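What follows is a pair of complexes built around subunit A, which joins subunit B in one and subunit C in the other.
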Partner chain A sequence: MQVQGMGVTTRAEPLFGSLEFAPRRPNWTAFLPYLLALPIVVYEAVFIVYPIFLGLRSSFYQQPLGGAERWVGFANYGRMLGDAGFWAVMRTTLVYMLAVVVVAVGFGLFAALVLNRQFRGRTFARGLMTVPWAFPDVPTVLIFLWMLNPNFGVMNVFAGFLPWIEQNPTWLLDQRLAFFSVVLVTAWKGFPFYSLVILAALQSVPADLVEAARVDGASPRQAFFAVTLPVISPTLLLLTVLASIYSFKQFTIIWLLTGGGPVGATETIAIRIYNTAFRFYDFSYAGVLGVAGFILALSVALIFLAIQRRQEREVS
Partner chain B sequence: MSVDTTTDSAAMPRPISRRNLLKTTGAVASTLAASSLSKASPTFAAPAVLQGETINLKYMTWFWYEPGRAEAWRYMVEKFHESQNEIRVEEAGWPFNEFTNNIIVQLQAGQIEGDLIQTTPDLVLRLLRAGQLASVQDVIDDLGITTLSQAHDYITIDGQVHGLDVVTVVFGLLYNQAIFDEANITEMPTTVDEWLDVSRRLTDRPNQFGMHSSHVIAEPESYWFQLQEWAMPYDGVWAEGKTPMVTSEPIVNAVKLFKTMYDDCFPQGSNDATATRQWADQQIAQQLIVSALVNVYKSTAPELYPNIRSYSLPWPSKKSIARIHPITVNANGPQVDASKEFVKFLYTPENYRELLTRQLDVIPAYDVGGLEDYFADLPWLTGFQDINQTTPPDIMGDFIFNNQEFGQIVINRVTEVLTTNRPVEEAMADAQAELEGLAGRLEG
Partner chain C sequence: MANFPIPSTDSSTRWSRPRIARAVKSVAFGLLALVVCVVTVFPIYWMIVTTLRPTSLNLRYPPAVLPSQIDLTAFTQLFAEEAIGRWIFNSTLLALMATAICVGLTILGAYALSLLRWRGRGPFAIFLLMTQMLPEALIIVPIFAIYRSVTERGIPLRESLPGLALIDAAFILPIGIWILKNMFDSVPREVREAALVDGAGPFRVLFQIVLPLTRPGLVAVGVVAFFYAWNEYLFAQTMITRADIKPASVGLASMITMLDTPIERLLAAGLVFAILPVVFYALMQRYIVAGITAGAVKG
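Now for the complex of A and B:
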């Protein structure tokens, strides 16, 4: 019997005299999963991996507009590491991510706990809560720009209730207020999604466990921390990572509200990359910043994976 | 300011790059295709324009998105189509805010798609340095034009002009006559102090604001675009060659004036859209702004238009930034000659006059004559006629190629002055240090 294929040729004597087995037909069904995965692999290779590769490559070159590119090795990385502006942007990015995670997930948890209780109009309230999430970013920001206008914005009215506020705050011109405003709008836009996911998780908490804790004398607060929170913590962890990624790649809200200002107070890495590439036309340096951003995003994802595996090990 | 002419693509051999490789491959493929066709048909293939075939030109500009100006340009294109049958001009491009970015990205990717490219004062220099622009000197020579404005000097290399201005905008002080009348102001300011005083008198927050200039950091382009003009009252320049000048006395004074106006007269925090609405609602009395905006107001706020006036700049030098916007021909495009035909059509005196008047522009690029009646009908014009022009390269030095980055550094520091009351000298010293760092990275 001669078997050919995959570059291997073997010869064997027939086992039963002249009786010769027919060659085995390849099992095509074994290839089916690969075949089905092929389109997405090709798509990712062309539209994700290749651009990442090009970005990485460009970080090692200097290319004047319309001119020939020139290999510069790690010079762009050296420039980045010595650039005080870069470190300021990284710090702003991390603080912004943290603030958005805390506010959005925290408020999402609070809203979910409220909406998990029985009250009249609960269905309507749940529907209403999804509105911010359903709104497109641009009109949302435009409305907030009007609300935050120092001359006639409605937020001035609310600020006026505070006893120490004498003049209308310049919401988007003052560094601290601008950062606060950007975090607020980002969290407002994102929290309904987190809230809905937490709500779903809350409904998977066994009611008898909570009931048993209450019977044993636990207060609602104790029951929440001892029973509910441990059950929904994997969901909260996942949402923390999602919120981190959501805030990390946030561009539209920040760009339209403050453009990264004032004085860089809201300039995250996404804004800096855009400015460097498409306003200052320094594509090579933008490539390096992109690599830094990629590493940061990857780090967040890896930390999440590590924590998840640890939790899985603990459960098993 | 210097323009590096050594980067001319025809004069300088380049190493093989991905772009060149693609070009070469394309050329080889075209040659092979052409040779196979020539075997099938031995007849001589004359240029399309000689064969009477229609040539389609892509004119990339932001004008198509500007109320008032778009109609003027569509009229001129239609007139061009009626004047001949061989060449058709197609609309292409993006709104102004996206325009330069998209052109630069196309350039960086290897090829600009348009045959005719509308440019700004900054963009034209970038394209010129990248060897993308064809000379249009032959158009000027054919038309016998000898009075082309000096603003074209900076895009003229070896006696060859590489673009022809179709819109010159110049900064001036526009004001709302009705608000002035109501405040009983009949004497126009003639000094900076008087200007400040009048602006304060016209301010009644939160209902009325004596003066407006862009100052919202989320709109860096218009912020910097307008802030540059504030150096003019003190004859300042933002840079000389590769030396930033933001700590010079004129610039420090300019920022102090901007800060005072912000504190006392601006609608603080109003972005461009809001300010335009406030101006149309007659809540803003004055703007230091380019003449081209009047055309926009005529279309978008017709009730305001009759009240718009301008007065002579209240500083001795009358210096103001004039920005030319040259139409250029893509040297690497397939239709250079046909593109020049369209430019030539636009620049004939009769057509140029018509274009200028339909756009409500007020500064002709050459001595076209016959505009007296038109000027007499523009009551808002007077202030713009009494101006001593300067150009962006004159005030930005070699930083003209890094204008936005320069501007971002400056407006960051100016915003600190506005919102945290940081001393101007201190903030500008920080800006100077950052700009000196930028100077070290200047190309060329």
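Now for the complex of A and C:
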């Protein structure tokens, strides 16, 4: 029941398709799966696919405030591609995603390796991992706004341990520090889940193999790279993709910590879309930005599917 | 404990060289474990300590690491002076509605994905994965426009908790299906086949055999759905501005901008809001982690 998912194919067999056990049952069971899936497909179509379609449509129109919409072809796209602000937002989004993936998965791996050893209080330490994972976004932001307060925040105390820091940093008001803080908060919220997943994957590392490697004179590091890492690397790959999706979707943490500022230093595409629509009321431009974001999301999803296919093939 | 290891050149004594090396190693390892735990829980610890101190002690720099006294006025004032009771009530209502929609549809989807073999199964799985990866911010603008025009035609979706629950459920549904499918997969085939031989129909197999065996999975789906809606901020603050139906996530965020709110009261509100999800996620952790990763891997 642990994460045996990593590549083990499902055992479910044709059950109502062949019907060898119940020959007299009417043929409607052949349609059963479609009947079951239909409400879900319709639901998701109404609340997700149709809005995407509307967003795509709005990207070809210009809608002046209070006026009727007007077909403008690719004019909005031209405006976006020529907009230096758009490229800055794309860059911020990608750097933010990369930074969160590296910090969250990296620290998650470190924590998992530490918690995988036998020591007293290990169960308790693992239990602690659930706390940041389950902590909702809004209170998470409340804590960090307080900890990063330039006058009274406890992070100033920690920063003070660094030799080159002479006065309290203005955490969220400095462009670089704000970006750093936002990445740190996002990663803090994300890493425990990755850690729990890696811990589960570490259970499938054959202990006798590690033992054998050690007996043969491998150092702990060599044993890690030769035995442990190959076993958990599909998991790490998967988590890299999950972390990219997680950071790409992130809105609440960034929005409430910095609102995208200062001077756009933390403005990812999610924040930019929101600002464009609900601060500047430029709905058609928000539509184009949405399409750009959708293309980015789709490419991450496709990379993900490709990885998944490859892993499935390797198993079977 | 009291005897500090005294290095000795004589390897036959208690504190031989490899022994010291091992002791140093285990201390180093203990430090690493400590670092992991501190990074994980320090922010929460700090939140709790802050709520237990009066403002005068919180607005002091450098701050004391330990609470010198335990002062619960932040919590009593929170319930006396803020609308938090109302917010929590609204959030509960919202989350219950989203959970009901989600659990109902999840059973259907998990059944189709796990126990049946059909042509559309692969595309259906990919469709679910795709919707799961979509950022909420990408559809907030069009969905806002849809809700506005539907509301103008007399069906109140904007400024309504059921309307909000409908979108929340759409976003949590795919993950719910993965969690339950993963549980369904673990039901032995023989059990289902035996029921079929006895002449049970597909729905009897589902409701009388499979679901009773996978109750924790269903609970896990409920927990995930409930707290997605409970925590959700983006849709909630875009769709709901009326004070009387504000959910807690929006209410809490609005406290940030009220500069006169004392910090310990603000954090007390955050703590009250966070307790339920932490408790329930801790209880259902096993199923949720396995379900999310299995969903992401198997497809």
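Here, the second predicted complex is superposed on the first by the 280 of 316 C-alpha atoms of A that agree within 3 Å, B and C clash if a C-alpha of one lies under 4 Å from a C-alpha of the other, contacts with A are read in each partner's own complex, and residues count from 1 in each chain.
As a working rule, a residue touches a chain if its C-beta (ideal position, glycine included) is under 8 Å from a C-beta of that chain, and two chains touch if they have at least 3 such contacts.
For clarity, every value in this text was computed on a predicted model and none was experimentally measured.
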| item | value |
| --- | --- |
| Which of subunit B and subunit C A:P33 touches, first, second, both or neither | second |
| Which superposed partner A:T130 touches (first subunit B, second subunit C, both, neither) | second |
| First, second, both or neither for A:N151, with subunit B first and subunit C second | both |
| Partner chain(s) touched by A:F278 [first = subunit B, second = subunit C, both, neither] | both |
| Partner chain(s) touched by A:A111 [first = subunit B, second = subunit C, both, neither] | second |
| Comparison of subunit B and subunit C by subunit A residues contacted | C |
| First, second, both or neither for A:W171, with subunit B first and subunit C second | first |
| Contacts of A:L256 with subunit B and subunit C, given as first, second, both or neither | both |
| Contacts of A:A68 with subunit B and subunit C, given as first, second, both or neither | first |
| First, second, both or neither for A:G264, with subunit B first and subunit C second | first |
| Those residues of subunit A which subunit B touches in one complex and subunit C touches in the other | 145-146, 151-152, 255-256, 278, 283 |
| Parts of subunit B lying in touch with subunit A, wherever the complex brings them together | 7, 14-15, 17, 20, 101, 104-105, 107-108, 126-127, 129-132, 205-206, 216-220, 267-271, 274, 402, 404-405, 408, 411-413, 415-416, 418-420, 443 |
| Residue ranges of subunit A touching subunit B (in the complex, touch as defined) | 63-69, 145-146, 148-152, 170-175, 255-264, 275, 278-283 |
| Subunit C to subunit A touching residues, read off their complex | 29-30, 32-33, 36-37, 39-41, 43-44, 46-47, 50, 58-63, 105, 108-109, 111-112, 114-118, 120-121, 124, 126-131, 133-146, 166-167, 169-171, 173-174, 177, 182, 184-186, 189, 192-193, 196-197, 199, 201-202, 227, 230-231, 233-234, 238, 249, 252-253, 256, 263, 266-267, 269-271, 273-274, 277-278, 280-282, 285-287, 289-290, 292-299 |
| Complex interface listing, subunit A residues touching subunit C | 1-7, 9-17, 21-22, 25, 29, 32-34, 36-37, 39-41, 43-44, 46-52, 54-55, 58, 107, 110-111, 114-115, 117, 119, 125, 127-147, 151-152, 154, 156-157, 188, 192-193, 196-197, 200, 235, 238, 241-242, 245, 248-249, 251-252, 255-256, 269-271, 273-274, 277-278, 283, 286-287, 290, 293-294, 297-298, 300-301, 304-305, 308, 311 |
